[in-house]
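The first chain written gets the first letter, and so on, giving A, B, C and D; residue counts start at 1 in each chain.
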Amino acid sequence: MNSLERLEGLSTSLLAHSREATVSSHAAEVIDAYESLDPKDRAAYFGFLRDEMTVDHDALRSAATSYLESPDEAGAVALGTASEPVRREFLRLLNTAPWGTRSIVNMRADLLELLPKNPGLRVVDAAFLHVLRSWFNQGFLELRRLDWSTPAAILEKLIAYEAVHAIVGWDDLRRRLESDRRLYAYMHTALPDEPLIFVEVALVDRIVGSIEDVLTQPPAVDLAEPTTAIFYSITNTQPGLSGISFGNFLIKQVMGELQREIPTLDTFSTLSPIPGFLVWLRGQSDEDLEWMDPGARARLPALNGTEWIDFPWAQQDLEPVLMQAAAHYLYTVKRPGSNPPRPLDPVARFHLRNGASIHRLNWMGDPSPKGLGESAGMLVNYLYDADAVIAHVEAFVGDGTIAASDQIKALAAGRTVSATDVASR
Amino acid sequence: MNSLERLEGLSTSLLAHSREATVSSHAAEVIDAYESLDPKDRAAYFGFLRDEMTVDHDALRSAATSYLESPDEAGAVALGTASEPVRREFLRLLNTAPWGTRSIVNMRADLLELLPKNPGLRVVDAAFLHVLRSWFNQGFLELRRLDWSTPAAILEKLIAYEAVHAIVGWDDLRRRLESDRRLYAYMHTALPDEPLIFVEVALVDRIVGSIEDVLTQPPAVDLAEPTTAIFYSITNTQPGLSGISFGNFLIKQVMGELQREIPTLDTFSTLSPIPGFLVWLRGQSDEDLEWMDPGARARLPALNGTEWIDFPWAQQDLEPVLMQAAAHYLYTVKRPGSNPPRPLDPVARFHLRNGASIHRLNWMGDPSPKGLGESAGMLVNYLYDADAVIAHVEAFVGDGTIAASDQIKALAAGRTVSATDVASR
Amino acid sequence: MNSLERLEGLSTSLLAHSREATVSSHAAEVIDAYESLDPKDRAAYFGFLRDEMTVDHDALRSAATSYLESPDEAGAVALGTASEPVRREFLRLLNTAPWGTRSIVNMRADLLELLPKNPGLRVVDAAFLHVLRSWFNQGFLELRRLDWSTPAAILEKLIAYEAVHAIVGWDDLRRRLESDRRLYAYMHTALPDEPLIFVEVALVDRIVGSIEDVLTQPPAVDLAEPTTAIFYSITNTQPGLSGISFGNFLIKQVMGELQREIPTLDTFSTLSPIPGFLVWLRGQSDEDLEWMDPGARARLPALNGTEWIDFPWAQQDLEPVLMQAAAHYLYTVKRPGSNPPRPLDPVARFHLRNGASIHRLNWMGDPSPKGLGESAGMLVNYLYDADAVIAHVEAFVGDGTIAASDQIKALAAGRTVSATDVASR
Amino acid sequence: MNSLERLEGLSTSLLAHSREATVSSHAAEVIDAYESLDPKDRAAYFGFLRDEMTVDHDALRSAATSYLESPDEAGAVALGTASEPVRREFLRLLNTAPWGTRSIVNMRADLLELLPKNPGLRVVDAAFLHVLRSWFNQGFLELRRLDWSTPAAILEKLIAYEAVHAIVGWDDLRRRLESDRRLYAYMHTALPDEPLIFVEVALVDRIVGSIEDVLTQPPAVDLAEPTTAIFYSITNTQPGLSGISFGNFLIKQVMGELQREIPTLDTFSTLSPIPGFLVWLRGQSDEDLEWMDPGARARLPALNGTEWIDFPWAQQDLEPVLMQAAAHYLYTVKRPGSNPPRPLDPVARFHLRNGASIHRLNWMGDPSPKGLGESAGMLVNYLYDADAVIAHVEAFVGDGTIAASDQIKALAAGRTVSATDVASR
């Protein structure tokens, strides 16, 4: 019996002995067997879950027929019950193993990697998503502030996971946990060492446009009364929980916490990347760019090569055109087929959906290789104005209207805006 | 607008604003409104959940039709999704309120009280049960030993909840937490002050047949090496979690804990009530009792009245007949319509289903008014023999075979067994 | 070898092996041996500590001689070192046992009981007091609020220890922990289950004069903004820590905590017993009472017997004379030989020394047998006025000036004050 | 008023208001004032404590005179009381400040630095040592295992403090906390973030002689049953607690913990530096070294310069002579004036005093610059044999007898021992 067959046998057996006291150690055996499975056999195992742990089609057919004859609420409930595939119960049993939830989350991460090439496994993912969405209900998440008194075993996860502005070692991490910084995470009791999502905040006295100002400045011991909270990084850590949205509530709950703790705060803004900008721009034909100021457009070819990165004068030359293009990209360019129309940029979609407005583009906000490669070094501030959030959400959800500052609108329309205008608030 | 209408309005509105940061306080408003609702309006509110928070019948019909045309796994998943009633999502949103889970459990307790008179609300209960079963998955329960260092706020719940042998005040409770006793509970992070189910155990040196020996004896400081763990009470505390089984795992997990802590333990037994015995016996006609030893049967009429309770000689007279009848009730009498046949007595069903055997009937094991009223004062030991549990479960689940000691079988067959025989092991 | 000799041998041996790794278990042996010693042998054991664990008199004589020749600071230090008796080091070694501190506190409680009949043991107590005062330095005490979430093992100590108004069971205790009550204790890490001293506070809307109003009223759920904190009981729990003062800081630290938590509080008062009043009064001759209003004095004989307790008219008759006498007792009567003069009443001494003023006498404030027996049922409020505390302390410490309200002064001077005047603020 | 005068004024005032509720904030003011004092004024401030916070010399003279007249125990107690300088009470008051203990420990560290040039301040240090020794009684220390789940704020202290084998960053630290390593510390509640002393242990399968084997080997996942615990580093972290011995108990308590946790352990050894060896050796004249094998001695001059460090053949040449010299240094060379004789090497003194034996010299055990500079790269194992510890202590304490292995004795006697002989056990 090879290891895949053994795993399948154990899985079947777990279901058969679901009420026994041994279910927890039985589930642990299944998980061990899965974890020692050769990765190339995973698709086969998920196929087994699809093909063998199915719904009872006879019962479901019968329930569907009954319902169609008499389509009432009780019939719908019966249909719902009949449509439960065995694999869902299987996952509930797996969860009884020590660290079961963690293993299920990791299994789903494996499964998601296989989906593009194995679309037939989507029905298996549906079962994973169903149970995980229930278990990771917002009501079971704990918002926790992480700081220097947090166990190292949790803090090292932040270093490993940070996806926006990499944390380069413990000194960098410590800087982000000083008294003028905050780091909040959602935690779940089933994964006690794992921040599920975390957000990093700088407490400052103005809307900051440069990530270096956030990351490298020494702690502001003199900043007695910060006015502004900058959300400069937000990271989802668990690929296996993809599709379960945490970020929306996290930002707003953190805003509430900060407001309570520091009454002098009156401005909440992000400092965000524009991840798809250059990819998009390089895909634009000349005609696509006709909306642009012709003088600006003429400079675009300089973007090819790396000269513009290395020479300040080349950067200066490109600044107006790229600022226009980026504003246009964020404010005007839509995701194909979205209705109501939605921005192409995923970060913009996220914050606008949450009720923020596009506030300010920042030239050379992130001159790191990653920043230059994604967005020619630009960063953008999204502003969360508590009084306007609901109106923004309604407009955006309704017909796709995007809230933006005058500068953004002017740039997006191909007008030239001086750096000073942009920088000022 | 009356308070029912207000609650319904808030409920509808919660769904409409499900992605907003205010969802948690919005959910709290719904819960407050529910809790201040006149109890007589509750049925109407649950009716609202049934009638207004339904499935999308158009979509479900369409999914059912598609499935019947092409009954594959993907169609079943689509059907499952389409069969989700809105009220399930509504409960998930409610759960975001502080203490949301607790409130939902309490709401379901209210709902279950209404069901007998409002069977149409079963479809609503199906939604409650669906989400609660998922959230209270065995994997999320924490087995905790409760003792005198436990917060008073939790301990007082034990006094309030104990259903088998009432805890009469803090001194009685303290006795049950001494060094020769154990009390284990399942806890859940969403109800941090609530033991969901708890079991009380006495560590002794023999299988005890009298509850007074358990409850009133002073702590056995000299019992260095107990051999026997008596599970003398097991209590489910949350009516709102009815239908979600905890007891099975609790007993077996506690057996494991005790075995690890106290290696000298080699016997695990319950000391259990026979709650339905006298009700059943009084419903028996003469013909029903023909199986019984005629001499014994002749004494039965003495059971009417209370003389037998007050006079030892009357008790002595009744003992043989009642012991036979109780053994017969436990071992032979079945629940009508059960297939394979199942005992009529619910406690017997529970322990036999878990793999125990009926070990010994104890005359005057519980001479309290409750004990006398339920079972003429008899208690029964169910024995958990780790080596036999699986075989017992398989036999019981298979064809209904009940494991029982020779004494029980003899009594159940209408034979007379001397008290000494019964008492000895 | 009898058990006293064994204990003495172990004690000597502990000193001889003080640097060995076994010191902790060795110390535990000494403590066990002490705890199983016949109580009648305790005096002999403390005598052993006095006679055998002495200072090195040769060295001390030599140090004393040196110092007298050249009385400088270094000589004083040397003298201090030479004057250290071995028994102090012995106690430091005892402290290495598990729960050593607790045992030393208990040993000192035993010792204090023996002192009156064994004044020669005072030198032993000096060693206990020296180490305990150092270990229980105010800086090592933790102020903790105890409430219903506190472990039962700590709460039961409150029931056992409460010395002023007995807590009659868990329901009474719970009432004192409701949301309109507070209970604060000092805790020390070496005695984790023992509140060293605790104070009970009622949050109300006026200065309360009746203990029944405090203890039996249902929780004031409507009292959104209490104005007044009544300290109605303060209890030292550890006789073995007698002579180490905790109460002074406790009251003031609790005032600070309450002020922070509940900004509406503007009045802090006690509701205190007058424990020595009737004993004092019964010892007064006619001449002693000449200061009193003659009409009042004439009624005093009625105080003999118990008629005045049982009949309201008799009480009414005595009220003016007892109120005068009590005010006089508190305000005017001094402890013999105190200089500057100090009140005879120990509770008055305590609060006046802390900066309070005598605010109001309350007739029938405590009609319990204890209250009637101590002070004819009267209670007194001491008022802590944050703005006046320092001035009060300085005046009291300086020349013994007592701060008191006009009513107290009038009564103490033998004038009649109507009940209404007294009751009003 | 300059800052020194201000500090002195605050200090005097703290004593004058010692019973007031403000004592804690008053003490905090003194500490703040001390901490912002110019370091060059510290000696003056400690001089103030010496000159102004003195004993009452009149009272002490009188107590000394009385005692000399009648030298009994009560007189000794009175003398002890009279010899208490005010500065001791002052320190007790300082301790009431938040983090007071920590500040007092730090003040003493400052004071100890000043002592060599200001021997007159020793009387001030006596007061510090008196209170700290009492507060840091062994009974108040908590042995805690530190690992990767420990807060980063504590772990970073380990990196900062490690004095024997520097921890170079978090990765190095993490290696020392893996499953085959242990790190134990003594903690005190008054300094919750500060390990007072910590010891690092490697769990291995033989007595290890090379620090690189300890520090750089990957975790031994296969080492199911380690036989040997190597204590390879022990660090006192608080200069302000100098003179209060923790190490003795720490090693033995950790041995007990490890023995309980891992029953397969049967050997406990250190891997220790020989810090004073080369300094001593370079101070030896030719006559001093006459005990040595002449052939070996002839090679010694090669030790000047650095050639021997860089060339293996030069090391090889020196090995025999240095091994002999080191064994001689550890085993034979005594601290001048010690009686009974004690080794000159402080690490040897420490472990021999604790009952260890000198077990094995390890050539090139620590080839780091520090190791080469101190001891020509040699390390030594001290062996803790539980059965022999008490006998070793008694012999060492008695007449200075040193327990050592045959190899050590042979080397110390100037005999040549082959490397193989030394390496084997």
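In the analysis below, a contact is a pair of C-beta atoms (placed from the backbone, for glycine too) under 8 Å apart; a residue touches a chain by one contact, two chains touch by 3 or more.
Fair warning: this is a prediction, and the values are worked out from it, not measured in the lab.
Novice: If I rank A-D and C-D by number of C-beta contact pairs, which comes first?
Specialist: C-D
Novice: Please report how many Å separate the Cα centroid of chain B from that of chain D, as a whole number.
Specialist: Distance between chain centres: 61 Å.
Novice: What is the distance in Å between the mean C-alpha positions of chain C and chain D?
Specialist: It comes to 43 Å between the two C-alpha centres.
Novice: Express in whole angstrom the distance between the two chain centres, defined as the mean CA positions of chain A and chain D.
Specialist: 51
Novice: What parts of chain D, by residue number, touch at least two of the other chains?
Specialist: none
Novice: Draw the chains as dots and join the ones that touch; what shape do you get: line, ring, star, complete or other?
Specialist: Looks like a ring, each chain touching just two neighbours.
Novice: For this structure, give each pair of chains that are touching.
Specialist: Touching chain pairs, listed by label, are A-B, A-D, B-C, C-D.
Novice: Could you please specify the touching residues of chain A with respect to chain B in the complex?
Specialist: It comes out as residues 19-21, 23-24, 50, 54-55, 57, 60-61, 64-65, 67-68, 71, 73-74, 76-77, 79-81, 83-85, 92, 95-97, 100-101, 122-123, 126, 131, 134-135, 137-140, 189-190, 248-249, 251-253, 255-256, 353, 389-390, 393.
Novice: Can you check the complex and tell me which residues of chain B touch chain C?
Specialist: 148-153, 155-156, 169-170, 174
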